[in-house]
Every structure is written in structure tokens, then in C-alpha cells.
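The structures considered in this document are given below.
There are two complexes below, and they share subunit A, which is joined by subunit B in the first and by subunit C in the second.
Here is the complex of A and B:
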């Protein structure tokens, strides 16, 4: 950090120091106006180009209609974006994040404590970035990464300190605001998130992690994650999300952009558990160059309605993509999730493995698109969807779209839908497990493909969430 | 020494106008005894096995299934026992409670559970059984000692490390020992429960589970079907060990004399049309092998 930048930050710290008494240091007015956008941008001390991008995105958001006519789409009619506060910064007196866990306010530490995050830290998993409300407040990065030129910081900081990289990649080629209404909304009011840059040929051995948490009533969360993996590099990014229940509706509309360079390998894993009144509407996309490999591992829990279809554009010859998604829906929940893959070059390969669990009248839907472009010869794709239902009130649908414009390809799709078997439960009960434990064991086994891909703390958390969900003890 | 007593048991399929399957079964099996239950297809043998274990698909319309225990059976129980604790009406209990009291059902077609390793499953089952067993004998409303929030010291798929009576290390040793006894490959422990197991492996696995859970009474439903001669011997050795080393009582359902050459029954019963039509010693099985079931049916009708 240059002395000038340092001064600027100290200045900023001072600016917020006197507001410490307040619950939140800053909250924008409810609703979405140009004025709100200007306030956010100014508060973040953003360069003019970012403000202009936000304003353009706002225009696009206003022009685009709400999606209402997809077959079997979740109902968004109760979502009122104007009632949502788009930006809240927690009361932390260090704006750019702190380097030491102990510097965090007790209240925030407690919240993370309950979710077992200090455990992860204790076990020396490197690079935990924790976001509390809209601001990354905790950053910890191992020195050796920095020496290799790896950058991991919060997105607001990246705009300041890595402006050229951000300007080139931020919502330009991967997820432009014009992509969909919620991408446009995100482009206008995004705040916080993570920036990861891995230079050519560098392998980041330990997973990079971020933790997002939403903690204020009626608040939206719009974090942006930008991952750039240069040629031949390798990184595993993990994001965990969780939110308690509140009476007002919440909106989460994140954006994730991943650039997988030639022969690079990026794994993006997330376990999300939003409160049952949250609309979880995200846009996540990766572009993979020649020989690049992208892996999406996602667990979608909670929320009132989720619409999330991580997508990969296989742009270069021999690029590959692997999706593993797990969704769980209980009473009053509609989880509409899946994957999209565009095979735009020859010899590209994709696999999609989707698993869903519906109980107590919940609905899960797999919505997937595999597009194979004319000329993408010798490409292959395999899609597998498994749905597990607990009762006759729950529903599960599979909507796999396949657009195949090339004849020399290999396409496979397989779907199974099953009710959780009485015989399976009886078998486990006859061995001493009670009814709940038996169901829990079957579900743990069902989601095992995802848990085995995750570092142990996340696997544990996912299992715990599922366990709580099964007991119905989550709000 | 435990005794399972089935008296005048009538069942039908648990749905409206359900089919009547058992029509007054009487049977008594005690620890250390081997009973063979034979009979033609559809006579109700598997139904009886499932009803003993508490399968929800059947409704008991008449009769009882009691399990009588002795001090010997309850030596592990850490509670003051009163008279009621020695005799249990199984029909009032959930399947897992019956398991905790010492009832084991070896399935003809065991469920395949993907994603759950044998080790994880067996340890959880053993701990669940021990915990439930203790709870059954404690005063109503008196909770078993409350455990602290369990931490996961091992793999999350293995469950909380400090949850239950049997630790991971202790369990591994026990499992290995039992698998060696049954001549099972140690890699079984890491496979998913019955998933992709051959017919023989599944049967071996059922016997392994019985060996680990040490039941008072094991009901083995066609444990010999689909076994080649080598596996049949392994499985038979396992059953004999269950009786000889753990003193379990065994009710072995079978179609064939073949397994009875290795596991010699003390009693043989013939079930026809939902009743025990005839009982006898080991020689009865040979008679059935030679002459089929028709003569038993004729006898039954003649008597009626």
C-alpha cells in the first residue's frame, strides 16, 4: 500500500470512528434510485467508471421485465425490491477489513462462532475472508500467496487497488448487466464480495474461503465475486452462506464471474443456507479457455425461492466443466436450480450431477441447459438428476433443455425421482436407528457426492444444516 | 436367556380390506436354540419375520409377541430393574426399540444405502442400540445422561466422534475381528451399505451385523438363498458362532435342507397358509426335502 493510499484509509477509518455507537455505520435509504446508487458509489470512494457502470446497470434493470413466464418458475410476485435496503455496513471501525480475528467486535464473533467458523480458522485453513452484512470485515491471507503474486481481497478494495484488472473483467465479458434483470440489479447496487487473482502457473494449494452473512431485517445482499485464474494456474474458492430468519422479505442477488485461463483449473464451491423469507436470485458464470477446467459444487438450502443456474462457457478447445448441485426444499420453499453449459469449441466436455431433496410440501426443480454449438465436434455431455422426496405433498421436476447443433457429439441424460423408501427406513430401524436418524442417514448418503468434494469444515456444516433441516429446527 | 413367544398371531396387510396373512401362529424360540421355519412360497414365513421386527406394512389383528428376558440378558443395564422390565410386548414397540431389546432381522433383500459406509452405519447402529437399550429401562421421563454438543473430530460422514458408547477406535477393532471371523475382506468396511454387493456379500453382511449387534433372538429370512457353496459355509459358520459364542436364539427361515446340513436345527416348523402346520426335530426337514409339503397340508386339512 502506498503512503498516499494508507493515508486515505486512515482518513476513512477516522470518518467512521465517531459513528461507532450506532448499530450500523451506514444504511442507504430503502428503494432503488439514481441517488441511492450515487451515495453507495461515493461512500465507497469509487472511480467514475464504476459509478457510470452502476448507473447504466440501473437503467437496464428498469427496462427489463421481471421473469414471470418460465414454465414452472418460482413465484416472485411478492418480491418488492423497493422495500429493500440495498446497502448496510456493519459497525466495524476498520473499513478495509481487519487482519486479526481478535479485532472483530464480539457481536460479530459470536455470530460466526455459532456457525463454527473459528473452527476452520483454528484448523489453519488459509485465507478466511468473512463478510458481515455488506462489508468484508475479516481478511487473512497466507504470506506465501502474496509472494507468488496471488491477490485475494474484498471487491471494494480491489476496485481501488487493482483497478485495471477489475475494469477489464467486472461485468463486461462474463456477466454483463444485460444478461438478466437480476444481473442488472446486481450491477447497480453490488457491494462487497471477493476478488481472487491467480497469476500464470501458480497453484494455490489451500482453498480460498469467504463467508457471507446477512444479518439485518429487510436487507438485500449483493456481493460480487470475481475470480481470474491465469494460464496454467489452479485455485479452489469456497463460499459459505447462512442467514437467520426475519419477518420482512430479504433479497440476495449475488454475482459470480470466473475466468478460467488456458489449462487453468478453478473449483468454486458453495454451501448456502438462506433464511426462509429470502429470495435468492443469482447469476454465476465462468468462461473457460482452451484446456481450462471449471468445477461448480453447490449446495442450496433455505430461502423462500431460489433461482440459480451456474453456467460455464466452454470457449476454447478441450475445455471442460463439471457441476455438482444439491438442493433441499421444505415447507413453502421453491428451489429452482440447475446448470447451464455452452459448448462453443471442439473436444469440450461437461458433466452435470444434480441431486434434490423435497420434504413437507417443498418443491425442487432442476432446470438445465446444455448447448452444443455447430462445429463443437467430439464434445460430450452427461447429465444426471436424482430427486428424493419424503412425502406425497412435495414435488420435484426436471427440465433439462438440450440444444445440440452438432452431430459428432456424445449426449447422455438420466433422471430418477424416488420417494424415500419405506423399506430403506425399516432396514435401518431394525438395526436400532430411530425413524429420524434413519432418514437422516439416508439423506447424508444421498448428498455424499457433494460433501466428499468439500473441505471437512464445510462438509460438517452441510451435514449439520441438513440434520437441522430434517429435524425442522431451522427457522 | 431370552424367550420369544408368539401366541395366536393374526396379521393382515395394513390397508383397507388388507389380505389376511398370518392366521394364528404359535411359536417359541429361546436363546441358544436353532429353529428352522420352512414352508411353501406365500405361506407367510417372511411376513412373520417382518412382523416380529415391526414392519409397518402389516397390521396385527390378534395375538401377541412377547420377549421375556432374564437377569443374564440385562446385566449391562445400568438401572434398577423392576418386574415389568423382564417381559416386553413387542407389538407395543417401535422397530428400533425391538432391536434394542435384542431382536434382529436378517433380511432376504437388504436395502442398499448409497453414500453411507459400512463402518459408519454399523457404528451408528451399535451406538443407537446401546443408547436406546439403556433408555428403555430407565424410569419414564428420566432422560439418559445429556451429552454435550458432540464435536466432529473425525470425518463428518463418520458422525460425531464422541457420540455414543463405542469410540471409533474401539469399534474399528471390533469390526475387524468380526469380519475376520466371517472371512470377509477388510475393504468391505469402506464400501457403501449393500450398494453393489453381490447376493452372497449381502447375506454375509447380514450375518456380520448380527454378530456385531449380539441379538438375543435373530430371525434370518432365507439367509441361504443365492449363496454358492463356499459362501454358504461362511454364512453357516457365522450363524453357528452366533448361537455358540453369543448364545443367540435363531429362527431360520429357509426353503432348503442344504443350509440345515451346516446349521443343524433343534426344531423344524412347517408353515402352511399362515399357520404352523407341523413341528418336529431335524428329521422333519429331511422328510420335507424328500416328500414336499403336500402331505403336511393333507394332515392339516384332515385335522380340521
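Here is the complex of A and C:
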């Protein structure tokens, strides 16, 4: 059975919305104190420098105000970090993860089975990491890549086994905790996540994947992803996220740092489908050296509120960046996403393609920043945003910012907003499609430029998620 | 951040201004209320991105800029057709009820610190009244600023099915004043049902002057309020041109042109609110930057919940002639109604190398070629100007800057 068939056969709602009884070996107290952080760090047997970094981030977190004065930003007033359980270790003896699905306890294995992860691994991936609550429970890398020196392991393990690399790159140059309040929070209580290291000149031909699953009520997930691609290397990292729906709020505040070496190429794809009571407040950033190429591909479907602006610093001459994003907001959702690109060197190039769909009172916002520094001559950037709206209760905003300090540049921004065309629907109906199918077809066509960039499993998943969202509204 | 009231402002000063003009009590009170509000009001919102504020209005020292009792201007008001064009004082004598009803109805005097300051202290201004059904033709207002500070207030009222084209220009006079100066201009347009207003404005004050202008129109059913805003002068310009489309089928066009050189700072804003059905807006701004000039542009298209069948377009293009210049732009779309066709775009670039090559290969020297391309860049904006004299003047000012 191909993964596409697998996905078709699994009822999508059942795939993402099921929840398991909470079972944990260790759960930190609610809220955030120095004591909690010491306990997490000790439980992970971390070196002293990491504990110190956590404590410093905690100080910064306490000092920084909540972001509340951005024009049109999502409402964070109901988010009470003190009510969030920051750390849960699942009740299994899989510290550091296992490398065989059969070694996982049935209920966890079942979870990932339902999500279709093992199936995808067999068919299309170089390696898989799976995180359940705060810990990575499964980790596997195909041998052929390991032989070439590629490292793909969970972040906690990386702190132990690749300490020098982690110490140099972890929340230092790319995403320092001082970047924003939630980056600081993340720096204090991060747990789990992935570490990817690709040595010079190595091309990892199949994507590596990590899947994050939040299962418990009222918890926070703070996984950290660190990708280091050395000169001339190439890797594609895929991340998937989901959580069932509970009445209490969940908080997801991940951190992603990507180092794109000279002439290296990193693609980072993610489809996130957090439950609709999750606050998704992430910081993702890449630094691209000379000739390096960074590609972000993201689909933001779930969550109550998302504030996420993956950014790239084009540091070396001729570095380039592509952003492809799609956001969909339904009832009660506020998806505030965009992209940031800093052109800090000559001959750098970026493109941003953003599509959003708002319906049933949902709100989507594109918030982007393109900064072209003085001296970044012959740089070019093109930003394109398209929004599709279903009904009059929904809202869609576009707030791009462009800071241009250099004259020898080519900057273009374009955005359009439109409703679903009555004529298009009429045309499809006159060809025998019912209203729902017609609308679904139009939406699928609208997002096609994005889905065609995704690996097939993800394109299928994204389409299924869109269909699921649509069914809910049109039934 | 609220701003302190400067020491040279007091109730007595405001009363004196009002008494000298023999104003009715309600206007004196409006001024006094604006003065009282100053302490709690903020300067106009300025775009901020992490780590920076795009325009630094806080740096203006109102203490030394504002000299309320020594305001002086030379203003010529030319009327070709049937509009009633009156100084603010004349208008109060002749149409007190009209002024009382409409003054402050489009721009809330307490909108921000600078609007309140202007309301409390204005000494010059024009009221243009076009009665129902009158096609008034062209009105020209040429103002010269002859003092350290000058506060001006313009009110345009077009009744049902009336129409008028207004051109306003502001320059610095020959009077010598040491140090920096401040010019403030508030313009309100009350566009009645099915009426038509084109309001063109050309600011070319000297480099010692800071300017603030807020122009806002209210368009009733089927009304059209069009704006043309040309900014060439001033050290620091803050210009807000806005239309509220409050009536079904109303329209607006906001056309902007700016040309900054040396160390000029231009903060240009165009905003439109679609509040009714079948409204249309078109925002077009073109600007050129040379030397170390800096431009900040914000365009807002806000489509309200009840604004069914909206069409809204925005374009902004900046041409950079120098490496030291900086152009920041933020074109915003805020959409609450799905029955909308909207787009916005912004570009920044330099003079096209291929075009330059083409022209120099036709034997034009590079400077002439570049100047022709810059002049050509403004054509889409110039084409929107209905009055020949105004278009030619803007064209000449652009050409003069290129020589």
C-alpha cells in the first residue's frame, strides 16, 4: 500500500483528532520557575553550560513584555503560561528514543500508526524522528547516510553526544533567547526536537522527517530543531505536528535554527495541524552563507492563534531564499503568519509566495518584512500574497513591510484578495458538481502552486486537511 | 508616548487668537477643548518594525517651533466659477451654521496631538462651499508662509450633485526666520450625495520647515472625492491623505507624487475605509529619492464588514537614484468582507539599465537620459491631474530638481 493510498484509507478526522489517555512518568509542575528548569535539566542529565543558558533565558523571559501592540495581532490575553505544564516525559522506558517501532508501547505506536508515519518512513524517507509530548520516542536514520557522516538524532541526545557542535550553534547566533519573549521561554524550557548535521559535500537525497505529537491536556511543547548543513551539502527536513483537542489551552513554542553553509541547500517543509485550542508561537530562522540556498515550505492549518514568521538572513554574497506558505483559518482561528528576509550581502535573491484562505469567521494575516541593507547591491526580492475569502464573517489582512537601504535593487510586492467566484462555481455546477465539490475544487486549484512544491505525502496530507476543513464548513 | 504641552501655549494665548478673530463662543470653546486635550494625546502613529521607528516625530521640539501669536501668511484665493470661496473668518460671518455643523466632523480635532494643536492655534484657512447642483469649476489657493509657525484649516463642503476642483499650494515667503519652522495643514472635505471634489495640493516649502498635513474626505452616496498630493519641499514631511467611503457607490482616488533629495525625510500615507456597498478606491503613489533622502510609505485599504462588492486597488513605486537613499514601504490590506476585489503592489528599483542603454545609444548623454526617465516615471501620476496649470507646475518643479 502506497502512502497515498494509506492516507486515503484513513479517515482524516480520526487521524488527527483522536486522543490517548494521558500516561506520564514525569510531569513538571504547572508554570515556570527556576526550580522547574533545574528539574528538567537534571532529568536530562545536561551539562552545566546548558543549564546556565536555560536560566539566563528564563531571566530574559521574565524581563520581556508580551507582544501586545502589533497592529492587528492575535489576542494572547487568555494565554496564561503559568497554567501550562511545560514538560512531560511519557511513561515508557525509551529515554533518547528507540529505533524500531515495535519497541514502542502499543498506545504510542498506535498513535503514530494512525498518523501514517511508519508507512511514510518505509516509502520515502531517509530517517524519522517521532516526538510524543516532550520526548523523542523514536529515532531512525538509514544506514547509508550514517556512513557518510550524516547525523540525525534527537536534540537531547545531541547535547550529550555532539556537545561542541551544539554548544556553538544552540541559540547563539541564529535565534538568541533575546529575540522575542517566546524565544526566551523556549530557551528556558525547551525539550526534545531534532538535530541534523550534514557534512561537507554530502547530499541526502531523501527527506528526513520529524513528527511532533502533543497528547496531554494543558501542556506546552517546546521542541528545538537545529540543522547544520556544511559547505556544498544538501538536505530536506520535514516536520509534522498535531495535537488532539482539549478544553484547556495548549502552547507550542518551538525553535528552529538552520545554518546553511556555503553553496549548501536546505529545504524545510512543515505542515502543522495543531488542535484549535493551541497557541502556536514559534521562532524559526536560517542563516545562509555565500551561495547558500534556503527554502521554507509551510502549511498552517490548525491552532487557535498562530504567530509565526520564518526568517532568513542572507549573509553571504549570492545567497538565496524561497518562502512558500499557505494558511487556512476557520471558526475561532487567528493565523498570523508571514516571512522575513534580511538581504545583508550583494547579489542576494528572495521570493515569497503566500496563499491564505479564511472562512467561518476565521482570520488570516500576512505579516512580512523584507530588509535590504545598505551595500546589498543587485539584490532582488519578489513578494506575492493571495487571499481567498469564503464569507463575510472572515477577515484577511496583508501587512508587508519593506525597508530598502540600497538603490541597486529590484523589489516587488503584490497582493490580491478575492472571494470565491460565483461564476466559477456556476460553471462547475453546470458541469454536474454540487456546491461543496465545486468549492473544494476551486480551493484545491488556488493552493496548487504550493502543494506542487511539497513531497507527495505532504501534498496529499495538505489536500486532505483542506478537504476536512471544508467539509466542516459546508456540511 | 504623550507629548508635553509647550510652555508658550496657554488658555490666554488661545483666547487671544480667538478674540482677535472675533469668533463665536462655540469656536473658542472648540479651540480650548483641543488645547486641554493636548496633554493626553499622542503624536501620530508611525510605522515600527523591530528595532526601529520609521519616522522620528518625537525629535521635533515644539517648544521652539511653535510661535502662536506671530503667525503670518499671504494667501491668494482665485475663483473661476460659482463656488463660494471664503477665508475662515468670512465663512463664520456668512455661513456660521454650515461651519459649525461641518468643522471637525470629518477630522476629529482630538485625533492626535498635532490635530489638536492645529485646532487650538489655526489662524488661516479657507472654506469652500458649493451649493446643491452647482458645477463650480476651478478654485486656486496659493499660500505663502511668512512666520516661524503657521496653522491652517481648510473646509470643503459640496452639496448634492455639486462639483469643484481645488488646487492648493504652499511655499515659503521671503521673510527671514532663524532656525526651523513648522507648517500644519488640516483639510476636511464633506462630499455630499452625488457630488464631485478633486483636491490637489502642492507642498514646496523651504528646507528649514517641518510639515504636517492631514487631509480627510467623507464621501456620501455616489460621491467622488479625489486627492492629488505633491510633496517636494520641507525637511521632514508627514502627510496623511484619507477617504472614508461612507455612502453606497462612492469613489475615491488618492494620487501621490514625491521627490526627495539631500537629507529630506518624507512620511507619506494614503488610507481608505470602505464602509458602504459598491465603493471603489484607487491609490497610486510614485516617488523618487536622490542623495540621502528617505521615504516612508504606508497605504491602507480597509474593507469593512458591510462593504459588499468593494473594489480597491493600490500601487506604489519608488525610484532610487542614489545609494545613500532609503525607501521603506508598507502597503496594507485589511479585509472584513469577502465580496471584495482588492490588490496592492509596491516596487522599489533604480533607473532601468536597459532603458538607459537604449537612450544613450540614441546619442543622449547619460544625465539627459536619466532625467527623461525620471520625468517619464511621474507621467502616470501627472496624467491624473485635471488642471493643466497644476500639472505643468508639478512637472516644472520635478524638472528643476533634476537640473
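A few comments on the model shown:
Everything that follows uses one rule, which is that the second predicted complex is superposed on the first by the 448 of 475 C-alpha atoms of A that agree within 3 Å, B and C clash if a C-alpha of one lies under 4 Å from a C-alpha of the other, contacts with A are read in each partner's own complex, and residues count from 1 in each chain.
Basically, a contact is a pair of C-beta atoms (placed from the backbone, for glycine too) under 8 Å apart; a residue touches a chain by one contact, two chains touch by 3 or more.
These figures come from a predicted structure and were not determined experimentally.
Within the superposed three-chain model, A:63 lies out of touch with both subunit B and subunit C [touch as defined at top].
Within the superposed three-chain model, A:200 lies out of touch with both subunit B and subunit C [touch as defined at top].
Applying the stated contact rule after C-alpha superposition, one finds that A:421 touches subunit B and leaves subunit C untouched.
Counted by residues of subunit A touched, the larger count belongs to C, out of subunit B and subunit C.
Once the two complexes are overlaid on the shared chain, A:42 sits clear of subunit B and of subunit C alike. In the superposition on chain A, A:168 contacts neither subunit B nor subunit C. Touching of subunit A by both subunit B and subunit C, each in its own complex, is seen for no residue at all. Put simply, subunit C touches subunit A in their complex at residues 47, 49, 289, 305, 308, 318, 320-350. Listing the residues of subunit B that touch subunit A in their complex gives 53-57, 94-96, 98-100, 104-105, 107, 110-111, 113-116, 121, 124-126, 128-129, 132, 152, 155-157, 192-193, 209, 213. In the complex of the two chains, the subunit A residues touching subunit C come out as 72, 358, 369, 374, 377, 387, 389-392, 394-420.
Residues 421-424, 426-435, 437, 441-442, 444-449, 451-452, 456, 459-460, 463 of subunit A are the ones touching subunit B in the complex.
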